[in-house]
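Paired with chain B in one complex and with chain C in the other, chain A is shared by the two complexes that follow.
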Partner chain A sequence: MEYLVQLVISGLAIGAIYGLIAMGFAVIYKSTGLVNFAQGEMTMIVAYVAWTISTSISGNVFVVAFGAILAAILLGLVIERIVIRPMLGEPVFATVMVTIGLAVILRSSINFIWDAYPHGLDLGVGRDIIRFGNIGVRTGQIAVIATLLFLLAAIWAFFRYSKFGIAMRAVAADDRTALLMGISATRVHAIAWAASSVIAGIAGVFFAISYDISPAMFQLGLKAFPATILGGLDAILGSGLGGLLIGITENLAGGYLGSGMKEVAGFVMIVVVLMIRPFGIFGERDIERV
Partner chain B sequence: MLKYLTTVSLLLAGAYLTGSHALAAEQGLTDTEIVIGDVEPLTGPPALLGVAASIGHKMAIAETNNAGGINGRKIRYVLEDDGYVTARTIQGARKVIDVDKAFAMLGISGSGQSIAVMPVLEKAGIPTVINVAPVKFLWEPPRKNVFVVGQSYEEGIIQLVTYLAEKNPGKKWGLITQDDDYGITVRDGFDTVVKAKKLNVVYSGNYKKGQQDFSSDMLQLKQSGAEVFLAGGIIGENIAMMKELEKLNIKPVVGIFWPGRVEPVLKLMGPPADGIYAVDYVEPFAGPAGKAFLEKAKGLLSEGEMKGINRYSMTGYAAAKVLIAAIQRCGKEPTWACTIAELEKTKNVETGVMAPISFGPGIRFSDQKLHIMQAEFSTLSFKPVN
Partner chain C sequence: MRSGDFKQSYGELVALTDSRPVWLWSAILVVALIAAPYMLNSYALSFLIIILITGVGALGLNILTGYTGLISLGHVGFLVTGAYAYAVTVSKYGMPPIVGFLAAGIVPALASLVVGAPSLRLKGLYLAITTLAFSFIINTVILEARTLTNGARGISVQRPEIFGVSFDSDTAFTHLCLGFAIVTLFATLNIRRSRVGRAFVAIRDNDIAARVMGINLHAYKLFAFVTSAFITGIAGALYGIYLSFVSVEGFPFLLSIEALAILIVGGLGSALGAVLGTILIVLLPEATRFTFSLFSAQMDALFSTGAQELKSMLYGLVIILFLRFQPRGLVGAWHDIRRTWVNWPLRY
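Take a look at the complex of A and B:
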């Protein structure tokens, strides 16, 4: 039983990171109809910025958090304005290719701006181990699960009750009609990119605290993408929960079926779920697959 | 007058022929310059080894150029980035050989990349010294123009596991490897000792390249009761494994392999890194040879390059020294044939960073002596134990 509990807890912790990045995918898709293949790279860049702030300005957790969020907002806005907005009206395939190109550029920038060595993000918090009997959990892992749950609730409330959240839903449902109602689609897109960058950045920072930062970190995006497909590409909350499901499934498969099954299990789950629900567990509408 | 003109004409013709012969004889040579090419991963995670190896090459080249170059010719170093993508390695090698007209090559990228680029090197016939990822395919069978400085991955693992087995008799063993050619080599070396020493292996895992969370793998290791653990990751993987072991509150005897034996890793692993074993054929930086290397580097490299130094810089430095010495021995007009012949004659060349290097007729592998080392967390260093 202890073995199972430990597997589930570890699965929830890594799944929460996948879930946050997956929510970033869904925020952009829901608002713009675009799959951003640079999501993992954006996660990595924000984590590197957080590490730079911690080593060159201040290691205070609040300073780093504020700086990282600010950097994430800027990153999202800059990408949307310079790279994505000029592609408005172009075929979806071309825009998706642009995000793939962006991913390669961001990935390469790590070596140009920083270096190839792994680094630890030491903020004095998140690395302590709390033990419940023989079960050990890092405080950072507890924090990332709590953050995911908080964001799930906050985003639900945002889309349900806030004016701007309703505007975003309107643009997602029918951008032409939304435009006729006086909603600026470009503004909605910009905010979506900034929000997506912040959510992914939070995941990156938590991952860096629990593990480390390295140029391989972008691969988190590859793990989070199945989570958003599983939850539903247009379902922000579903994507978050999809991350948790993928994390737990991977860990249980790795723990009971062997290491080799760990990476496969999530994809097997996706294949099965998509055969039953082609739009994901929580997906609601017809999704154009690319 | 006619006699004078004839003499001048003959002299000019002779000078032209001699000059054109020198130019036509070998590429990458001018009166003042000699080109040495290299292809390394300079971007992406493997840049950790590619950048460091190129820094070692640069260091040996700067040292030679400061001393007047190779028989008066300054070395120009042409470095291409392959991003650890095999197709780009081949493309980069072709560019360095055909466009930059390199006289000789150093490097080259990872094991898979070196293997893939071998036909290009063989066909060109360019003198090449490989130092980054020594795998048997590179020297078995021996290729005329390709020399390898280092030790085989398999032999490294055999010596590490043998040492740990003798130090921990009767203990239960665990192993995890990556699912690629590197992992297969590590596993082959491990299995050799398992059979020879009849080791009791209670856990054997195989992770997918790129895996970052090892919680279930290390939990399985704990369940198995393994007391000695060979962590077959490279850099980030080994760090993640050690952090999981700390979380699970278990402290097996841990061995890691040289691709991950870089000092910053110890800091990231934290206190659990104390006492882990490693194997390598280059000197540890904490020893007198390592300290001397770093001291020498200060005068030859920029501040940024100094930060990129790791064990691969030592392998790069040693390979470049061997190649430069061979070209130097060919005198004023070096040729590929002479350089290859001189490389073959390399005998006990001291580089200060590893045991003396030797090749021989039909021997293209330097077969370096290995050391077992142990990590000391308080000083973030590795110290030899044998």
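Take a look at the complex of A and C:
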């Protein structure tokens, strides 16, 4: 029983990281209509920047957090301006392929800018263990779950109630009509990319605090795919919850079925879910008009 | 002077080509390719072999992604299944290579039914991600099925001997790959101009309209999956033989990206494009290395240390640049050049 609870808790913690990255996917999808295959790579880059700040400038948590968020915003804006904006108006397939190309480039750039060895991001926080009875939880794990819940609520409310959030949904639904209504599609795209990059960066820094950064970290993005799909690409709340679900499933599969199953548990789960609900659990069904 | 294409019968319209020079030049190319292994050194020959094998795989993916418009990010899954099917039947159970090649086609084809079936309900990006999931699942299945596949240890594969002809030497193996490549090229070209191929293209262009015209979407989508997986599996078997060792690590996820890069660079939905794209993508890392080594020895050293990373960076760059500046790929560029050449000095 203790083993089960421990698995579920560490599953929730890693699931929260997947959930954050999945939210990043959903923010871009909901406002631009594309899937950003470079999300995992963006997560990794921001984590590396945070690590560089912590070793070269200051290990203070606030300095690192501020620097990482700034770097994430910059990264998102630069990617949007250089790579995505020229593709505006092209078919979705082409733009999605561009993000795949971008993912490959970012992934290999790590080895040239930094190095191929794993590093720990030690900010002096997040590694203390709080005990509830026999079960130990790290403060970093609690913090990441809390962050996920807070961001979920904030972003959901943003898309639901704020004027700019509604504008973003309009652009995703039909960018030409949105343009005619006086919405600046380029600004919507830029902000979506920046926001998504920040969310990805937060996930990356939390991951780096609890685990290590290494050039294989982009795989977080692949792991977060099942989470977004499970929730539905256009569902912010769904992607967050999907992340938690995938995290728990993965850990239980790893704990009871072996490490091989842990790697693919999420993927098996989405194949099954998609067979029953092709648009994810919380996703909206596309209605096609001819 | 030819002033236009005037076709008077349906047969003429779907003929592979209406021009004798094209047949002539193709024949010359084939003869040159047969003669090539005797002239080239072993280094250049290895590139020829890789181009031929990759070409088979790219033509396989072209049926699914190029013709039918179903994006697959997991084609490396079919590649690795084919390689293992060959290795298990031939190396492990000692069956003749011809059976091995059949298995290398049929096993991925069966696997594709498993992926294809749920994919019938999925569209676009959801499908892409399901195929991505498939390629990861298949790797785990291979690693777990130790009794059949030796797990992570892999299986070593010998060059085959078919009907008493040994394909042990590089020259003979090149001829084998060439044979497969030519058969695949003709197969895909013929599929494209048949009823089935037209159905595929109709599904790609507008699946609802295709359905209204009486095309059975489920049957044809599954058929595209099966054909594509069959061809890709054979390419996998050839690649496994070429590497002389089949393991999960030999087929990294990057191969899926490489295959898509080939199709985009060549021009989506065209067999000629797949061939041109293959040549460009296979030779690109080498060509880049050569160009940089002209400038400095330091660059050369960088290429030998970070070869894999630079290769993937190049793929990424090529994908982005082509989609941005030449979305119709090399085939599109070729058509433009040809039209300008024929019509000059007129615009059209």
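By definition in this document, the second predicted complex is superposed on the first by the 285 of 290 C-alpha atoms of A that agree within 3 Å, B and C clash if a C-alpha of one lies under 4 Å from a C-alpha of the other, contacts with A are read in each partner's own complex, and residues count from 1 in each chain.
Following the convention adopted for this analysis, a contact is a pair of C-beta atoms (placed from the backbone, for glycine too) under 8 Å apart; a residue touches a chain by one contact, two chains touch by 3 or more.
Just so we're clear, the structure is a prediction, and the values are computed from it rather than from any experiment.
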{"item": "Which of chain B and chain C A:A216 touches, first, second, both or neither", "value": "first"}
{"item": "Touched partner set for A:V96, first chain B, second chain C, both or neither", "value": "second"}
{"item": "Partner chain(s) touched by A:L233 [first = chain B, second = chain C, both, neither]", "value": "second"}
{"item": "Contacts of A:L241 with chain B and chain C, given as first, second, both or neither", "value": "neither"}
{"item": "Contacts of A:G260 with chain B and chain C, given as first, second, both or neither", "value": "both"}
{"item": "Chain B versus chain C as contact partner of A:V35, first or second or both or neither", "value": "second"}
{"item": "First, second, both or neither for A:L148, with chain B first and chain C second", "value": "neither"}
{"item": "Contacts of A:P118 with chain B and chain C, given as first, second, both or neither", "value": "first"}
{"item": "Touching partner for A:N251 - first (chain B), second (chain C), both, neither", "value": "first"}
{"item": "Contact residues common to both interfaces of chain A (with chain B and with chain C)", "value": "107-108, 111-112, 222, 260, 263"}
{"item": "Complex contacts: residues of chain B adjacent to chain A", "value": "42-48, 50-51, 83, 176, 179, 205-208, 210-213, 215-217, 219-220, 223, 235-236, 239-240, 243, 246-249, 262, 264-265, 267-268, 307-308"}
{"item": "Chain C residues touching chain A - in the complex, by the definition given at the top", "value": "71, 73, 118, 121-126, 128-130, 132-134, 136-137, 140, 143-144, 208-209, 254, 257, 260-261, 264, 306, 308-310, 312-313, 315-320, 323-324, 327"}
{"item": "Touching residues on chain A, where the partner in the complex is chain C", "value": "35, 83, 86-87, 90, 92-94, 96-98, 100-105, 107-109, 111-112, 222, 225-226, 229, 233, 260-261, 263-264, 267-268, 270-271, 274-275, 278-280, 286, 288, 290"}
{"item": "Complex contacts: residues of chain A adjacent to chain B", "value": "3, 6-7, 10-11, 13-14, 107-108, 110-112, 115-120, 129, 131, 134, 136-138, 210-212, 214-217, 219-220, 222, 250-255, 258-260, 262-263"}
